[in-house]
Amino acid sequence: MEPHARKLLTIVTEAALEGKILRDLEQLGTRGHTITDARGKGRRGVRDAGWEASANIRVEVVCDAGTAQAVSAYLREHYYRDYAMTVWVIDVEVLRPEKF
Amino acid sequence: MEPHARKLLTIVTEAALEGKILRDLEQLGTRGHTITDARGKGRRGVRDAGWEASANIRVEVVCDAGTAQAVSAYLREHYYRDYAMTVWVIDVEVLRPEKF
Amino acid sequence: MEPHARKLLTIVTEAALEGKILRDLEQLGTRGHTITDARGKGRRGVRDAGWEASANIRVEVVCDAGTAQAVSAYLREHYYRDYAMTVWVIDVEVLRPEKF
Amino acid sequence: MLDPVILFFVLGIAAGLLRSELRLPAAVYELVTIVLLLAIGLKGGVELAKQPLGELLPQMVGVVAMGFLLALAAFPVLRLLGRLARVDAASIAAHYGSVSVGTYAVAVAYLGSRGVPFEEHMPLLLVLLEVPAILVGIVLARGVSRSTRWGSVMHEVFLGKGIVLLLGGLLIGWAAGPEGVVPLEPLFMDLFKGVLALFLLEMGLITAGQVGGLRRHGVFLGAFAIGMPLFSAVVGTGTAMLLGLSLGGTVVLATLAASASYIAVPAAMRISVPEANPTLSLAAALGITFPFNVLIGIPIYHAMATWVHG
Amino acid sequence: MLDPVILFFVLGIAAGLLRSELRLPAAVYELVTIVLLLAIGLKGGVELAKQPLGELLPQMVGVVAMGFLLALAAFPVLRLLGRLARVDAASIAAHYGSVSVGTYAVAVAYLGSRGVPFEEHMPLLLVLLEVPAILVGIVLARGVSRSTRWGSVMHEVFLGKGIVLLLGGLLIGWAAGPEGVVPLEPLFMDLFKGVLALFLLEMGLITAGQVGGLRRHGVFLGAFAIGMPLFSAVVGTGTAMLLGLSLGGTVVLATLAASASYIAVPAAMRISVPEANPTLSLAAALGITFPFNVLIGIPIYHAMATWVHG
Amino acid sequence: MLDPVILFFVLGIAAGLLRSELRLPAAVYELVTIVLLLAIGLKGGVELAKQPLGELLPQMVGVVAMGFLLALAAFPVLRLLGRLARVDAASIAAHYGSVSVGTYAVAVAYLGSRGVPFEEHMPLLLVLLEVPAILVGIVLARGVSRSTRWGSVMHEVFLGKGIVLLLGGLLIGWAAGPEGVVPLEPLFMDLFKGVLALFLLEMGLITAGQVGGLRRHGVFLGAFAIGMPLFSAVVGTGTAMLLGLSLGGTVVLATLAASASYIAVPAAMRISVPEANPTLSLAAALGITFPFNVLIGIPIYHAMATWVHG
């Protein structure tokens, strides 16, 4: 089986956004995601996950390049200004292209 | 020191498989791994880590391309049909090639 | 908006180093990081996070290639000999180059 | 009236169905489970210290036989009436032949607040009932094929969290005896109902999460998840009469029979019978049978026991 | 002398400021919060079971009105004197119009150790006070625009962890009544002060972490974070007198008025008024007002109530 | 007979060695540790409130001297007999010169269930004993080089979780006095043994995980890990006699001397003497010395104290 090229989009943002972001991802056509709890530092200061308001999540989505682009654009437009959020995109290989 | 090319294999799957998968990785010749607890969504529905049966783990293995291919193939054969599992492979650079 | 190329440096190491490493990163000019709690196995044996002394952290830093190189070199020099530590570097794309 | 601990279960279900953001951290759920399992084990162990184990042998044998029987009885129903795949029928049968510690704890709380005494060595029977149905399930799914790695199956079954803590509690209670456990009582006995309340709150949240799975799997599974515990309770009541248990003991054994595992068995099936779809068994065991037993079943089994006891 | 639970708060602040590596795991903080919220709810619910809800209606209405009023009073001060952006002023006003459960728990412990009785149905008023200020804050920030999705705002507000647990506890306590909750008391009542101590230890650590935010936002915010609770306490004392509350009840209502939310409101504002800078409101509410109330405010409000009652 | 809390330790070891899937979440382990540390500190602090600190000065000095001495005594043995690298010998010496709070708690439980009284201010000596050996270890490894950043070493040592909670508890107990801590007792005193049981269960699991490390590091380390506590217990007994402690106090001080740190010292060594191999010291301290003390050592030290006390 040949590996197929896809994109891995990683979003690190405030835990309070979890519900909203998952609804957005669904609507933008992604088929799955993985979430881990995280803490960190960025423009908006230290978020050390000591309690609800300072906790981050780290969402990973494997999808095709078009969807990755669409999601990036959507997030930039809706969240970058008001929320702690960092996004990066990586090239990945998967075995089951139909899954993503 | 020149960086060397290796593969980073990421496996997201049911927490119940942790023991089995680690034994498999060992037998397939990998030299190390990193595990984080995760939750997510995919073909097999939402796995929100509310309790044991719905928890995911996220296993990362840095190894050479051959091993990555062997592990992918093994996982596909043994787990894809019956378990929630997602696998992707990324190109990475490392400084100590002998370690992986 | 055009995507810009950056590096994603991932450091997996002993939880006891968290404070020190974050100070190092700051001094080496990185602008942010993300941390998740992890466990794993490597040259220095199994680190299963059962208690403080055997817990790992997984630190991710998105930065430019020069900084990634500088951080890698610094970590190699100061920690590789005495600590459980694994580092890998990945090419990523970001939308806001000024942020990293 | 409903026991207040049950109201926590109802609160959890309501919060879950209304999509509240209420969630118990996994670590809290585990802590609460660990305390409950140890408390149940300790209590049973203290009782074992008071009586020769030999005298309990008939009950132990009887109860193990009941475990085998219930799993074997469930299978053909699931296979023929439910037209389920062999592996799914086997897995669900294993769930219903085994027992749920949470349901047991609710029965204990129920009898406690009504002042109905029961044989205090019940946790021993609880441990014994966990295992046989798992073996039945694996054999029904696989046949007695030589390829089954029974060693690792046994390891999985006997060294799972549930049995280690129950059995460990039993042994510690037995070794320490009634006076020995006194300093442990503030945590394991006095807090029992409070901890059970937190546990049931989380169980309510989890149960609410199973509703989706249920909707997809239709009418037969729903009927089975209520009919099977009623049938099992009758078998349990009969077994209790044969073994000469008291009124309270009869209620507990009927409840154990009626309960369906959602910890030990799902874990064992996931590894030993991976082809079986876990959402089917969990939707039935957690989504219907657990709330049914906790809210309605136990009073019914109480009435049943009162009736047969005269 | 300071109550020992307050000393845990001081320990937490000291450890935080000295950059100790002491940290409570998030799961422990959540467990402790859950137990406190349920305990407060249960206690209030038991009391509600003893008296017709109708009689409490005047108090309920009065307190809701007070919540609206406080938020509306804070806004112009923040906007005009503080020259804060409209969204920031609205968000901070919502924090100060609403209430802090942690501060309430400290007031309860304070009155308890001084043997001052108070109306035990206060948790009902606590729940009622959480909500109005949130609505005021959103309307102040957005106007009554049609684009506000009130459905999801209401969902966010009423199904947040805090209100679900408080209200759930209230309902369970009310349904179970005084005898019903007896078996739950070892966890929810006897451990209350110990759990509150752990909670305040963590609150101290979190408070210490807000100091950075404070330094950046200057003198006005600091003055507001002490002046506003004093003003609110006066309003709360007046409301209590109007409603005919006892001395203890007056202290509690003044404390509730003076307290600023740091759980329900921040979460609601983050989703509904995202442009508001959360470090401003948290630095004020957590970094100054919470320690001020806990260390100095409550005794002041006690003195104030004694004066007006005497 | 073994104390029941010890049986939890045995259960943990057994479950670990049998590779059971039983695991306590890290957050639970931390909660349990926090409660134990605070409880021990509070208890000692209440006692300090009853007597002038000045009178304890001789004991404080004596015990600090003992800490220095034990670390200095261990080093040449490790270096010369064990042929260990300088850094490893220094690090292990620091572990054995310092103390283990878990072992202390077991000794307290042991004396408690035998009704043997002891000086209740022991937690003060416990805190004092944590530190000197760490300094000795660093100096032995590094020399008194100017490059050692003593500021950050001191920060690491004094602001680690263990000392902050013990010392914080001491101060709070001291400030609150006997009556002040009464409302905290249900959590910190009544639950003490139950929480200790959970702690020892987890310690058993961790200990079982050290066995691999042990096997690799051979006979000398095993002998040292039993011989050193016996020697230290003799020194501790002698120090106790010199300081005029009671029988119970002698047992406690001998146990403290015999115990080896596995929280504060490993963390400090990892940062200050990174070249030292942590698996060596942990295999010895946790894999052998902790179980030895808990299962066999304390009764021996009790017998020893009874003998010298006449």
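Just so it is clear, A, B, C, D, E and F label the chains in written order, and each chain counts residues from 1 on its own.
Operating definition for what follows: a residue touches a chain if its C-beta (ideal position, glycine included) is under 8 Å from a C-beta of that chain, and two chains touch if they have at least 3 such contacts.
Note that the coordinates shown come from a computational prediction; the quantities given were computed from them, not determined experimentally.
Here subunit E and subunit F face each other with different sets of residues for the most part; under half of the interface numbers are shared between them.
When the CA atoms of subunit D are superposed on subunit E, the rotation angle comes to 120 degrees, reported as a multiple of 5. Chain centre most remote from that of subunit E: B (centre = mean of CA atoms). Rounded to whole angstrom, the centroid-to-centroid distance between subunit B and subunit D, based on C-alpha atoms, equals 34 Å.
Remark: subunit A and subunit B have CA centroids separated by 19 Å (rounded to whole angstrom). Averaged C-alpha coordinates give centres for subunit A and subunit F that are 45 Å from one another.
Of all residues in subunit F, those that touch two or more other chains are 21, 23, 25-28, 31, 186, 191. Counting partner chains per residue, subunit C shows two or more touched chains at residues 36-37, 90-91. Working note: touching chain pairs come out as A-B, A-C, A-E, B-C, B-D, C-F, D-E, D-F, E-F.
Every residue of subunit D that touches subunit E in the complex is listed here, in rising order: 1-5, 7-8, 11, 14-15, 18-28, 31, 109, 112-113, 186, 190-191, 193-195, 197-198.
If you check the complex, the residues on subunit D that touch subunit B are 23, 26, 29, 202, 205-206, 209, 212-213, 262-263, 266-267, 270-271, 274-275, 278-279, 282.
Taken together, the subunit E residues at the contact with subunit D in this complex read 25-28, 30-31, 34-35, 38, 155, 159-161, 164-165, 168, 171-172, 175-176, 180-181, 183-188, 191.
By the touch criterion given at the top, residues 1, 3, 6, 8, 22, 31-37, 62, 90-96, 99 of subunit A touch subunit B in their complex.
On the side of subunit B, the complex with subunit A involves touching residues 12, 36-43, 56, 58, 72-73, 76, 80, 86-91.
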